[in-house]
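We call the chains A, B and C, going by the order they appear; numbering starts again at 1 in every chain.
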Amino acid sequence: MITLASDFGSPYPAAMKGVILQETDTRLVDVTHDLPRQDVRAAAFWCRETIPYFPPAVHLVVVDPGVGTDRDAIVIRVDNHVLIGPDNGVLRPVARRLSEHASDRLPRQDDRLEYFRYDYTEPQSATFHGRDVFAPAAAVIHDHGIASLETLDAVTSISATATVQCEFPSATINADSATAEGEVLVTDDFGNVITNIPGSFLTGRTGEMGTVGTTTARVTSTFTGVDTGEPLLTIGSHGFVECDVNHGRGTEAFELTTEDTVQITF
Amino acid sequence: MITLASDFGSPYPAAMKGVILQETDTRLVDVTHDLPRQDVRAAAFWCRETIPYFPPAVHLVVVDPGVGTDRDAIVIRVDNHVLIGPDNGVLRPVARRLSEHASDRLPRQDDRLEYFRYDYTEPQSATFHGRDVFAPAAAVIHDHGIASLETLDAVTSISATATVQCEFPSATINADSATAEGEVLVTDDFGNVITNIPGSFLTGRTGEMGTVGTTTARVTSTFTGVDTGEPLLTIGSHGFVECDVNHGRGTEAFELTTEDTVQITF
Amino acid sequence: MITLASDFGSPYPAAMKGVILQETDTRLVDVTHDLPRQDVRAAAFWCRETIPYFPPAVHLVVVDPGVGTDRDAIVIRVDNHVLIGPDNGVLRPVARRLSEHASDRLPRQDDRLEYFRYDYTEPQSATFHGRDVFAPAAAVIHDHGIASLETLDAVTSISATATVQCEFPSATINADSATAEGEVLVTDDFGNVITNIPGSFLTGRTGEMGTVGTTTARVTSTFTGVDTGEPLLTIGSHGFVECDVNHGRGTEAFELTTEDTVQITF
């Protein structure tokens, strides 16, 4: 199985699929091609929240604002999963999460991940390495076999420190637990505002009113815990505090978007 | 085969697919993940107009504004098809249509449909039952087998009356057949306005001019029956009267959107 | 394998897939369903730039503003590829490109392409031939076999001249190579402006400043060759000159959209 994720929209992903299908008849599954455009951190978030649900596969991730420069193509192996994409940090968070999702369900040391550089020859275009570099590489790696990755000529083992990091910012919770300050990691298609504040900040507060900027919202475990059109604070499916609206858009009610600072006070 | 329909946009459907593929290697086909957001009736319409074209399969439908509340997960079996989703009415119209599409091509009694409750344990999240409840259920049901559904421990047979209805409004046509009054069921990505007025209201009227609000439009069987940019009335592919524009958007020309009342006069 | 391309958006493609899967269990791959709506020339461009990357298959293309009129359904065979769609020119450019992409990598005479009319009986609807005509035809052709296409009763061999042409406009480059005048063929989801001016016009000009209307932009081989938010001129992945912006939208910076005239001066 090869999964595909990108910020390409339409129709560029089709060229990647065609290139792959010239080489292999394995199953292809789209993760999404609507990752936040050229936003490596937000793309890394969404990959982390979706790809670990898949069974072992080659996962192709192309969000690549540095396309055509000398940034490397890298491969990260985690157990029976392989991630391949540009060396800009987009693969790191999902790689770590995949490690945590292994059979023992415990976080592992980062050095359990194996890093490789994928050496490619001058591609046909300088602006579409998804088609000309990453898709062929995914097909080659898939057919060669994840377990024997290091015997591929194009692949060179490298250290984790040789690759670009991607760190999500940390939230802070004050000593009396009445205020948390964090950042909006992403917003979703429903207009839900997903922060980096741990969901545990809301534990035991169901029914209370919290203040976010000029908006006051009730803590509830479900959207329908408030009336239609009313704002709410909840622990989202990613485990973080979300600023949402029942049948509406949190982005509008809270006037928040990706990378905004968010402070919640009780 | 498992088909997937939701109002999730991107990238949440990927998590559902990953969960399913952990359990089964069957074919997955996206119906759409752009169903009208949190609009059960409109989503029910689109499911009815698309899913019955598929061969027998497990059909997963997740439009679920009540996610996390105590609304049931239900399963409806129609011959070799199984529909699974929240008990909010979204499955009923497609279930009935599937029944009509069976080999005898005649409408069947509603009691030919078989209803089940799907009992799930406390899921990981309160807001993403698509990933945590419905996707695993679809995989389990698929691999257990549609024909032997009732032998699954999680499945309990229930009566139709125990489930939530979803009724589309009826249109009225006056005695002299010169006026019809109905409602906009949905609009589509072309901007076509799909009403609940039976297409037969236009039969024999090709070339005539009808009035909808302040707009006058010609009855035609094809878009090109009027000049580019001109409004038209036609029998759409769903069998209902549509208010469309050749190379343009009926929603704008007729100033109509979902749930608006629409009156057509000749 | 059957690939599907259309301008249908969502959810109409699902009905096509269901119809096909009633007949065949072959692999289905979406090229895109977001082709520029009812824009035959732009759709032809994108099909030409994506479909030739696929291995041999039946390629279904439905961009069909003349649906329901007496325009023919046509089939073009190129080696082991078959294209099927409305006879409005949308298939011609990809057919020629497929020919060029054959093993000898040389352009072929247009008469190496084989043209057929596909005779269909009165379909269920006048406005959704994707579902009622083209999808069933694709399934029938796939299962009958590309090599034996002419033995299908519904298929009649016709001459190329009996079909509708689709020509892209030509760009002109003045004698001293300092000015090129062309047209915007399409814009993409990144806001990149793709012209019909051959990329070779920029060869040897890297680092120079070109003028497009009131905008001056640097020639660079990669997006990061200019600062974030700055306009650039580059040879895009299609081989044409593009007017783009690093981390931004060329459509806005250059105020250009599909079919606009574009003049570049050095």
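Quick note on the criterion: a contact is a pair of C-beta atoms (placed from the backbone, for glycine too) under 8 Å apart; a residue touches a chain by one contact, two chains touch by 3 or more.
Being a predicted model, the structure only gives us computed values, none of them experimental.
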Rotation angle superposing chain A onto its copy chain B by C-alpha atoms, nearest 5 degrees: 120
Copies chain B and chain C touch via same or different residues, half shared test: different
Gap in Å, rounded to a whole number, between the CA centres of chain C and chain B: 31
Set of chain C residues in contact with two or more other chains: none
Footprint of chain A on chain C - complex, ascending: 1, 3, 5, 27, 29-35, 46, 49-55, 188-190, 221-224, 234-237, 242, 247
Residue ranges of chain B in contact with chain A within the complex: 8-15, 17-19, 21-22, 25, 28, 37-38, 65-69, 124-128, 131-132
